[in-house]
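Handing you this structure, nothing more for now.
Letters A, B, C and D name the chains as they come in the text, with residue numbers starting at 1 for each one.
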């Protein structure tokens, strides 16, 4: 191939959900071309639950910034995944992913990082957490894989889905029009939406058979899961956005992805595997992980108190733990850890993905 | 020496702050003689802050249990250190420390675990967080060292202090009698009390010079600290209780202590040092650590949000992180991690102590 | 009638969940005979949700105190209703209700306060929030009415039920033995248990027909409710306890009960009705009320944010509001307000009952 | 006088901190001229404490909206007072205050509503909560009075100050440049800033003598206070903004202001006074009040638990109570209640102001 796609990744610290100064600097110094941005991941310092407006605030600031550079239509095509909750040591930041055509041909035998993005249609409130959402996400995942130029599901190391939740207003509206929603508990709706999203990824990657992904599977059959999916729910969107990260021979550049599956929130061995580089001089550019309080109420056979805690939601506990464990082993607290890992990895665990740069 | 002291350590999972069943079983099966108990450490599942009644509830249950076996006077002499807050994966449990005279002589050249306990007089509300508390704790620490048979401060690996806090009632009473208290903020008083306690330990162990420990030192000069102190504040006592843990040649038994100093909440290297055994077959019996949100607002040069969080107190965030990091490296979430490390180790860090058993 | 029953009510401030000093003083000064106590209501300062151990702590202290006076069998027969959550101005306190035979005959034409207490058998985890619980509470309510000497349901002004909840341990045990529970969300199980309890009261008082009280009614058909029921869930018991408060001609004494139904959390008119005395000199001895965040997400046609708040549970918000409204109108913050009013009064509202003393 | 100023007030419900649709509708239907807007008060649904970004988010949305209509310079001159915290029944909303010259002469003997706005210079971090802030606010208050055309301090019914707080970044920067800040506790800095602001108002209105307003007065001498001041602290500004609301003969229109002083959080009588209209047909347009947990730890001689609560900040408890009490007596939960009443009214109490419309 005489040309290739090249994916670059910028990690930028933020001072608040409204802080875009670091990104502005990169753009103004020509280190980052806004026209090449395909996705932005952010950790914002809200509670990461229902009434977290830091996600929407950050998204709006970023969209306004990009719109001023590339126009609002192009800005809206950028996938924005703001994940609330920087419990413990997790440091608020943005990860900006850029993709461009490169004159440089791709290496014959070395894969490089590739990214693909797609979006589902708008979901009705009564479809959230149900089969309709699973199918919509599966379709979008397949589209994103194709865009990334990844043929083999084994080359996929991380699939992020940003998905909607049910607010009490949405629930009321659905009920008024005679539709039953998956749950009337707004906090719990986040879990339904994340779970259905992950099942959609699992279907698309062949991790589970399509017919296993039914309404009743969601939050019930926890043996159905995707080992690479990570879903975040937020009130600022009504559709699902899918971002596939993996490696492909058709890409060029120094970056590549890896992943491992944490079996529980303190699985140091999986973190070490994800951090393990292809070669000694390689360095970690960014880490992405899921966190969840083991729904069994136990971890390593010991009781934990996260689920029975009515003062702090268990997703907040779990992010603090997983963020701390990864930061300790990576030596860096600027990590993307998002909460609620329903059908995302084994129960109580979840994916940990790394993007590394060849020395 | 023809006889020796021998210290044993029992770690017992609990189902609630009121659960003493595991301890009862050990007593009834003669695995633990209540007459030999010198100290009980507990992690209870309250918020670990001002209005945490799980500490008092657990203490009362334990005292009633011991009183039924050894009488209430003897029960009252047992040092009870209930630390609230089992954020993240920390599993609620008790650590019971027993000491007895052993017919077995101590080894000539191998130190073994030793423990000593002492108590200050009752502290007035206006003495909390002040020089008077520092001096009282220094005196009690010296007494506990002597009781443990430890001469060299280098053989001390952990000094626990349980200390009082200021409630709004105590503050009102002090003000009525014309005494100024160190702070009128009940939550902040926990930090003052822990800080003064740690400075008392530092004075006793020669870590700082006695004249440096003044009213103004507390919560101000953070370069003054003890590398082995760990203090917990609670509303259930009006004095300070000091428990010294270390090694001495005059003790026998399989157990021994180690410690390292975590420079920050994600200091994996220090955790590894504390876990490192004298010999390959040795196993970890229990771990004790301090947790604190770095007061600088940064960790490894990155901003953290723990101190500005008005929903979750920063001590809770910090325990979740340190508990998670230690659990991940030790492979066990039943660890004793207590919050608020003022003058207990370097700013943002704290002691991590291990009790190990020779294979 | 030549003799009668006489019911007396003592309201006692507490300094902590463990504080029984006020009660001890009343007993030691012979102002209160422990042998006559039939029920104790308490407001304790925990979160009133799943991990609130202040209820259990207070209950244990009270039972130990009563056992030391009247023996542990008699102490266990006293109904203990500890309700957690003193949000806002609600002042922690105990309300002790005593009943004795009086040589004084009852008045021919004036009703006086009467109380009756009964208990259901232990409930299996899978019966909580289901028809089995409704029926068990209906039976116990009928027994309590008979004990109180109240024939006419219109003379009932308040029925308190204390009921169990599902912890993650109980859920696991039920699932292990092949039983489905009403919900696997521990916090939500409190609502199921309170709702089924209230429906049991409604059946017993003829407020709804027995056949309407099915599994599917609970938390679904909110038009089924009891106007006088108040239920509190706690982890410290496995059965339901029912306390009926009303007026009867067969009772003597100065006290009598009234009630009104708050249509929402700010129904000042209902509070005024409950406070309205039979005669000018009468004074309020104690108030009991239910609080709930309107599940519609609106109050008086305006949006409220209680249900979408992931930092503070909506029951806590609701208690703060209702406690404040009643305290403002009664001029006294020592009120018993408990949260979660499912099937207890109209949706968003609940009973407010008063015990008054004739001038 | 042949012309007059006329002040109008629009109260607009919001669906989220980002919701400006109601305001847009009023502008587009010509019911509200954006060029006449002098101030916007908002209740937004954050925690109202340090890490509340809903205030900044709402402010930004409003400024963008106004800028699109009247240009960004004019938009920046509008006083924006976003107060976080809609605990309990408080319904999120905006209150937009407009002022225009009217051809209609003012009535000879009837006062009408008037408003004046002024702003202090930017405050250094070390001036927050100190005498420099008091003096700056006093100067701005005098300017706002003059702008409103109010000569007699007795005609002032409400003075809102929006003031900055200390974040950990600001504290670090101050310390780096050798300046001591009033407190290093970010949450507590909100109280210092509110207190100094209120003392500034008190000085300007002659409620206290200028020389009493020293550094040491702030949060210490609680007998120094303004009966009409209400201050809110936020991280989204570095100066103080002052809005004076009162009555004057030089204004025309149907609106007028009243106020009363709540002696504590449940002072129903003061609420009734504020609601009392000049004439039977008058109706309440909006209410403004301060809320505070009585720092004595008691209310009406009874203990409250708000200050010792480490799970929920006491300002949140207090807003829930005062919001509930006012909503119950006014029959409307769309009220502006802001927390933290240091030097704003008597200790534990605060101003309640009403704007009414003549029938």
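By definition in this document, a contact is a pair of C-beta atoms (placed from the backbone, for glycine too) under 8 Å apart; a residue touches a chain by one contact, two chains touch by 3 or more.
Quick caveat: nothing in here was measured; it's all calculated off a predicted structure.
A.B. asks: Name, by label, each chain that touches both members of the pair chain B and chain C.
C.D. replies: A, D
A.B. asks: Out of B-D, A-C or B-C, which pair touches the same way A-D does, with over half the contact pairs the same?
C.D. replies: Going through B-D, A-C or B-C one by one, only B-C repeats the A-D interface.
A.B. asks: Express in whole angstrom the distance between the two chain centres, defined as the mean CA positions of chain B and chain D.
C.D. replies: So the centre of chain B lies 46 Å away from the centre of chain D.
A.B. asks: Centre to centre, by mean C-alpha position, how many angstrom separate chain A and chain B?
C.D. replies: Here the centre of chain B sits 40 Å away from the centre of chain A.
A.B. asks: Can you list every residue of chain D that touches 2 or more other chains, as numbers and ranges?
C.D. replies: Residues 15, 45, 47, 51, 169, 303, 305, 309, 311 of chain D touch two or more partner chains.
A.B. asks: Please name which positions on chain B make contact with chain D in the complex.
C.D. replies: Contacts found on chain B: 47, 49-52, 167-169, 172, 184-188, 296-297, 303, 305, 307-311, 313.
A.B. asks: With touch defined as at the start, can you tell me which chain C residues reach chain D in the complex?
C.D. replies: So the residues of chain C touching chain D come out as 13, 15, 45, 47, 86-92, 265-268, 271, 299-300, 302-306, 309, 311-312, 316-318, 320-325, 327-329, 331-334.
A.B. asks: Give the list of chain D residues in touch with chain A in this complex.
C.D. replies: The touching residues are 15-18, 45-46, 51, 53-54, 56-57, 60, 169, 235, 311.
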